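In what follows, a structure is listed as structure tokens, so that the remarks can point back to it.
Residue numbering begins at 1 within each chain, and the chains themselves are lettered A, B and C in the order written.
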Amino acid sequence: MAKFFAITILVIAILSAIPILRHTWWMAEDISTHGAPIDEQMSETMAEAGISFLASQFILAFFIWKFSNPRPGEKIKNFPGGAKAMVWAAVLLVGTEVLALGVFGAKAWANVYFTPPSSSAMPVQVQSGQFAFYFRYPGPDGKFAPIHPELISESTQNFYGLDTNNDPDAKDDIVTAEMAIPVNREIHLLMHSKDVGHSFFVPELRVQQDFVPGLDLSLHFTATKVGRYEIVCTQLCGLGHYNMKAYLSVLSQQDFDDWMKKEAAMQ
Amino acid sequence: MHDASAHNQVAHHAPPTSFIRKHVFSLDHKVIGKQYYGLALVAVLVGMALSWLMRIHLGWTNFAIPGLHLLSKNGAPGNVMTPEFYLQLMTMHATIMVFFVLTTAPFAAFGNYFLPIQVGAEDMPFPHFNMMSFWVTFVAFLVLVSSFFVGQGPTLGGWTQYAPLSALGEVTGPGQGSGVVLWAISIAMFCVGQLLGSLNFITTTLDMRTRGMSLWRLPLSSWSWFITSCMGLTAFAVLMPACILLILDHVAGTSFFAPGGSVINDQVQPHSGGSTLLWQHLFWFFGHPEVYIAIVPGMGIVSHVLVTNMRKPMLSHRVLVYSFGALAVLSYMVYGHHMFVSGMNPVSSLAFSFPTLIITIPSTVIVLIWLGSLYGAKLRINAASLFSLGFISMFIAGGVSGFFLAQPSTDIMLHATYFVVGHFHMVMGVAAMFGIFAGTYFWFPKMFGRMMNETLGRIHFWFSFVGAYAIFMPFHYLGMAGNVRRYQAFTPDYMQPLVPLHQFITIAALVTGVAQLVFLYNLFHSRFWGKPASDNPWQATSLEWSTPTTPPPHNNFGDKLPEVYHDPYQYGVESSLGDYVMQASPEQVKTVHDEA
Amino acid sequence: MRKESSFAAVLSAVVLVCSGALILNQKVSAAGEGKISGTVRLDGPAPHMKGIEMSKDPYCAKAHANEPAHLEQVVVGSNGGLQNVVLYITEGLPASALAEAPKEVLVFDQKNCMYTPHVLAMDAGQTFKVTSSDQTTHNIHPLPNPMTGNIPWNQSQPPGAAPIEKSWKAPEVIPVKCNIHPWMNGWHVVVKGPYAVTDGSGNYSINNVPPGNYAVTAWQELYGTQTQKVTVAAGKAGTADFTFKAK
């Protein structure tokens, strides 16, 4: 029984590791300028976690194999190094390991969060609500008109509560259900929620940020590859959470301009 | 170290004779422990059944589950699960499992039964508080389950109940009105129950130890219950007021957690000035210690069971105890890792990241001490020791995925994905369940005077061990591929190709779940028809094996409380009994001292 | 003796009930005779209806791939006729005509992620059935004012689920939303007594109106209500045409 158990542990450990090593299910390809350190951090963590996982499962299996079913009269033995060895091993090996991870991880994090967006970054606003994202572009005047919560009406497609009758700034604002951005241009995403908590997650862009009702937050990123990607909500927001999505189109500058014209006509 | 006079202060209560006082409103810690176990058993069956429904839905979304409409008036038209009903099941599954199973079984059930016996006391110091603790918890469970039958059903907000989804009322979705209120009432009551329990545990450990039972002579299980109750006293004391504020947001029109300017269904909500992050801070200040409240008793039980079955003491008793303590202290400093992308200051994310990484050190020490102690052991294989070893394997597997979630940079990719779900199910769900199973197979003979069936126990183990890996390992792969959690279905998008993996998990979950019925059968069959157990069937050393009868008499030790002469785990010695000497035995033998 | 008298009592009761039923029946058939009909038009150019982007749900987007959907607040036919206007009688109906809701079960379908019909008129107490022709999950969330006695509900309908049968207690104009698809909105216009909804050319006909003098009200979701006096003579339909001014 014990030997069978040891083998089971070994087999499970190896089987568990195979999909990870083969990248059977893996992160989507990175299309951001800030994502490389995150991916590197991920691989390093995977290596350390994987080695710790396999090594300790192997030791567990080996000891179970070796030290069960003792012959009668056999004496117990003590681990040569004693507890001190274990504590030192934990502090030195794991301690330095996690500290290294922590320090390098902090750098990858700082890359994203501690560098302000450049002044030339293109502002795009995103509003989350149950259960859709709506995006707003300031239009030719470069100004986002103020939001009037009491005017928000999904049934008449006034998602941002714009006062188009009286507010000249509101007339040229373009509100869309899909987000389009020009490739290789830094985007400054201004985020707010109209109701409950939501989150903005684009795996390819290596960004995930919650919307916090009552707080204005922002993200900035640059997409480097033309394509159509998905924006998904990762913060439980109610019954339609699973269907709270939008598409992110990364377009060439020319295509982006055409898209903008088309959207302006739809308003 | 304690003198006998302290015990004389405790009123000696005579054994009750009426059925009600003996089995229902009992003051006896052993009966209360069994009641907690029974509650956890009912709760775990409900929780597991809910998870089956969810799993079937995730694998085959539009499959009509026969009879599903009986569970919910609106949630399953034509037996097809609606999105809101899925989320309601999910919320109830998580709440029931975390609170009413993982907290009650290893901590409240086994702790109640065995802590007073292991310290050599005749009962807990406040038996009425103890009785109240159980009955408040019991009513809390009824209140929670009752939400299935009122209004639009239970809350769908997840066990974390993030505001303002939880604070604005029915406008945010079915069950967000009365469902949330019942949830919050239930959890606030649960907190009261656990506060009373923790108070008793702490006092029992500090004031009720018998003559010769110094703190360092406490078995590891007692240490883990003691440390857990210290966490319980501080963590539940934070969650309870948070729940009360949440209730006020619903019934009194306050705005603790709801900010102004929210627009739902084109209507501006009548709230202003609340903070949604406040709820997250309060909740996780409780929530992370709660994870350790669930797992530390399991560690203690597993250590206790392993030591007995290894026939040798731990590499170091003290280092293990210090590590448990370090986990408890650090658990309060790491909770922010649940909030890396929550919009909290990114500097705080880094500040929370380092303690989270550092908490791996005591965890690693614990695992290494277990592994090091296995070296040179005379390991006995039985259902209890198999589950203990399985616990270690699960704890390692679930623990290493913590590396990823401890760092804000990698958490960007994994936050709120199935990776997190896999992580906590392994490390605190399955591992804690294995701890409960190990404790059950180990202590059942003492609790009921009968042995459990060993063959059935092993069958149960094999299905559970292989099944748990088959279910929860793939969760990590799903997470790597970006599969978001709390989605009831996968619309045509990048997650749809992952559905076959979900189907595999569903099948594994159903098979593993059915195997739990073997345990249930074993439990009930052995209770009445099991082989009669001797007083000390495992040749163990701690005080619960020195009771005059099995199960122990009403006052645990008969006329005279035992006196303790030894450290808890005197195995691998030569004595008149064989290779061990019991704590209560005055026999002097040559012992191997384990102090590092 | 006692037997006989009780027999007589039962017999007379039966006769009474039968004749009562006959009288009632006559009234119902009389009500069927008259009707009010007419046309509702829009005066002026139809306002611009914003396009609807449904890209968040690929199923919906695909259904409208060739022709984008638009808001349905104002739908005008080629002749200037205004669609989706509800006409109902606000004055002059005898109590007997209000007694019972029609037995006909109305259908409120969800098709291509829009409500069909966009405006569903019904008698208070009349049963309607919410169905879905879509292979995506919808949510039906009517938002009545609870003060009227109508109870709000919020329920989803996955593909393959059973239709949802409901009715409304009190007259009220109730907006209906789908929370999963925020652009979806429709109306339940609950009235007392006979009603009609204009077709694509703005024509309508309220049937089952007994002869008498009435006030007929037309309701349009953007332009509000208008009321006219109409007389229905025996064997002759009343006529009421309405014109809403575009804005």
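Note that in this section a contact is a pair of C-beta atoms (placed from the backbone, for glycine too) under 8 Å apart; a residue touches a chain by one contact, two chains touch by 3 or more.
Just so we're clear, the structure is a prediction, and the values are computed from it rather than from any experiment.
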{"item": "Pair sharing more residue contacts (C-beta pairs) when A-C is set against A-B", "value": "A-B"}
{"item": "Chain at maximum distance from chain A, centres defined as averaged CA atoms", "value": "C"}
{"item": "Whole-Å separation of chain centres (CA-atom averages), chain B against chain C", "value": "55"}
{"item": "Inter-centroid spacing, chain C versus chain A (mean Cα positions, whole Å)", "value": "48"}
{"item": "Inter-chain centre distance, chain A versus chain B - centres from mean C-alpha coordinates, in Å", "value": "29"}
{"item": "Per-residue overlap in chain A, given as positions that touch at least 2 other chains", "value": "129-130, 154-155, 238-240, 243, 245"}
{"item": "Residues of chain B engaged with two or more neighbouring chains", "value": "82-84, 173-174, 489, 491, 493"}
{"item": "Sequence positions of chain C contacting 2 or more other chains", "value": "57, 137, 139, 156, 177, 179-180"}
{"item": "Residues of chain C touching chain B in the complex", "value": "57-59, 136-137, 139, 141, 143, 152-164, 177, 179-180"}
{"item": "In the complex with chain C, residue positions of chain A that touch it", "value": "129-133, 154-157, 159, 176-178, 238-240, 243-247, 266-267"}
{"item": "Sites on chain A touched by chain B in the complex", "value": "1-2, 5, 8-9, 12, 16, 19-20, 24-28, 37-38, 41-42, 45-46, 48-50, 52-53, 56-57, 59-60, 63-64, 67-70, 74-79, 81-87, 89-91, 94-95, 98-99, 101-102, 105-106, 108-110, 112-114, 129-130, 149-150, 152-155, 161, 194-197, 199, 201, 203, 206-215, 217, 230, 232-243, 245"}
{"item": "In the complex with chain A, residue positions of chain B that touch it", "value": "82-84, 87, 156-158, 160, 162-165, 168, 172-174, 176, 258-264, 266, 268-269, 274-277, 310-312, 315-316, 319, 341-343, 346, 349-350, 353-354, 357-358, 360-362, 364-365, 367-369, 371-381, 386, 389, 392-393, 396-397, 400-401, 403-404, 406-410, 412-413, 415-417, 458, 465-466, 469, 473, 477-478, 480-482, 484-491, 493-494, 498, 501, 571-572, 592, 594, 596"}
{"item": "Chain C residues within the chain A interface of the complex", "value": "50-57, 68, 71, 73, 137, 139, 156, 175, 177, 179-183, 185"}
